[in-house]
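I'd like to ask you about the structure that follows.
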């Protein structure tokens, strides 16, 4: 199984029924594919819809209905159109139950950096700072290392997205929960040992007893 | 002609075509009756409609459509329903061209007191403070004296509605414009002389040359 | 999807001592069935945040009469002499807030802002005890957010997701309060199947609504 | 009532050096005919405030290519490499603002608030040089209002009062920007007679709109 599929499948299990969920562009958007059929959630696209649906059949696209990446989507029954003030009001106001975002770095404090590499990549933060500051649960979905180098660090050296401890980090190698005491290793990924994870991670990991294997298929 | 009719007729002449106007409860609401037919304006009711229309025929009232006094109204073609945040956003944001309000006292600074008499009448300010702070033009429409006592004072002794100089004071005896230099007597009402106005007014009035008579019928 | 409940069941959810945000303007657009159920259950020691207290025997006026309230935050109580009497006798504590400030403070709570910076109330009694913040050389009053334990919302039409539409001047505080209650109870006049309301007509997304009252009985 | 004008006539109203608020999210819900007319007229030295700069050859991307812009205030420029190049070369000055902060700063300008107090951006680069205000022991960034000389608004449908309706994710920044431009120019897809749009469907009241573009040509 590809790293991205492992991550998306594992994150999908975190989603509670009847919640409002925002999925970032790229890897996070794959999470929707692995949600069990019986779990009903509303997906928010921050550009202005609650109740984001699948891509429409060819020829049935509406130029006024896209996701935050600009791709054509549909709206599920019961959807609502909202303007940007309402969209970010919901995010900042704590009405968004979960956001799943990509990451460049996360550190021992649970702080995320995911919006710029000074002198190299300055795309702008878009909605990321509001999402990390405001969502009830922030899940970082990312591959564990970048070109062999750890992305989970003692302290981020890239500019932070927010001074807020994220809720969970999910990689293909591990599920890690940032806590007040530091990063707790909760699960290890397929084919990885605890030692593998520790050596691919710069940050100190707290290992409590036996660490279970990541389960990739929902039990339902 | 009754004092209130004089005031309402004179205020009506201040209203420019194609503007957004808010009329307070009571005397100010009479202004709409004297607007020349060819002057089209939108009236705002701060409880949530732009394009307030006349009272509906009996039996055709809509329980969900009232003015700010709770009386049944209609909506003119091209009307818009708005919530209270939009309604006061328009007021505070400077989108309201004119508000006409009643007054308890106005003083030489042009400051208005119209929302409470301590220990006696504490109804709450409702929308008055926002209206006086935010509208482009604030017209105070009131009878000149209360039980023989001047209402236009050197300095208000009732609590102020805002620390903002109102645009114009219209009474049955006078039209007075508050300026940086003080209150300028612009017109005298039917049957009143300049001396009558001065003696019915505690505040110092600036009289420049001949003061014209108030004209009560639009020229159109 | 939400099962619609009876007003009495909804009232059971509200503990003594709660803070309620209640929609309506002089009783128009107030959740009348919920208010009746609160009076019937005799909930005590309530704080009500609302534009006004209507009049005796109508809407929020019934809560004043019944003795359910110990505190009111409103912009206007002038048309309810009973509220004024109970304020003077000390039975009800009343905080008067300018209408535009009131709705914006509730919005700030709902959209996760730390308060509002408004010119309304500067230089008046409203200023007392509040921070003044200077932005680009201009003074503004800092007014703090107002949260509710419950928001009681009157709507025109709902679907079973909880999406809400409002009618004419019955919008008023409702769409804003729906953002700011920890628990939101909506009382629609009618409820339609999911998918019937166009996404563009939704003014309160259903994800904000926790409980939906069954539709208005038709009296037959 | 407003006479609908041509895009080229609207572009004539805009002087060099103006600040334009332009609706749209990756080109969806942007006023494309107005943008083309601005490029055709070759207006220079413009500041554009918008969520993003779309991509080369699309929407606001055309203004980047044409050299009309010297300053951009946006939340995201990552999908327009040309904006990034011109930022690095110093040809365009770019201010990056979190999306929720951007829309709320524009709203603050439109509704007469002195700025916003937001948790977004605290502890990040966005904080630099800004006031921090403490409310009830919690820190917030004070972000100042953003006004526009012009707001260029894309709408789904208008009437000849200027009332506007929006469609699906083409709402985005448009309804908020319509509050904050000194002059507001709306580009609807269709225009219907006055009275055809229900007051409850109006999202931007016509009194905010100064100029209305003639409807989208049908290409026949």
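Chains here go by letter, A, B, C and D, matching the order in which they are written, and residues are numbered from 1 within each.
FYI, contacts are C-beta pairs under 8 Å (C-beta built on N, C-alpha and C of every residue); 3 or more make two chains touch, one makes a residue touch a chain.
These numbers were taken from a predicted model, which means no experiment stands behind them.
Peer 1: Would you kindly tell me how far, in whole Å, the mean C-alpha position of subunit D lies from that of subunit B?
Peer 2: 35
Peer 1: For subunit A and subunit D, what's the span in angstrom between their mean Cα positions?
Peer 2: Taking the mean C-alpha position of each chain, the two centres sit 29 Å apart.
Peer 1: Listing for subunit D: what residues touch at least two other chains?
Peer 2: Only 104, 107, 111-113, 118-119, 166-168, 199-200 qualify.
Peer 1: Hunt down the residues of subunit B that sit against at least two other chains at once, touch-wise.
Peer 2: Residues 49, 75, 81-82, 85, 88-89, 91-92, 134 of subunit B each touch two or more of the other chains.
Peer 1: Chains as vertices, touching pairs as edges: which of line, ring, star, complete or other describes this one?
Peer 2: Per interface graph, the chains form some other shape.
Peer 1: Which chains touch, pair by pair?
Peer 2: A-C, A-D, B-C, B-D, C-D
Peer 1: Could you list, by residue number, the parts of subunit A that touch subunit C in their complex?
Peer 2: 20, 40, 42, 49-51, 75, 77-82, 85-86, 88-95, 134
Peer 1: Using the touch definition from the top, list the residues of subunit D that touch subunit C in their complex.
Peer 2: My answer: residues 104, 108, 111-119, 131, 133, 135-136, 138, 140, 142, 144, 165-168, 199-201.
Peer 1: Of all residues in subunit C, which touch subunit A in the complex?
Peer 2: Interface residues on subunit C, with respect to subunit A: 1, 107, 109-113, 159-161, 163, 179, 194-195, 199-200, 202, 205-208.
Peer 1: Under the stated contact criterion, what part of subunit A meets subunit D in this complex?
Peer 2: 45-49, 62-66, 68-70, 75, 81-85, 87-89, 91-92, 121-130, 133-134, 159-163
Peer 1: Mind pulling up the subunit D residues that touch subunit A in the complex?
Peer 2: Within the complex, subunit D contacts subunit A at residues 25-29, 51-52, 74-79, 84, 87, 96, 98-101, 103-104, 107, 118-126, 156, 166-176, 203.
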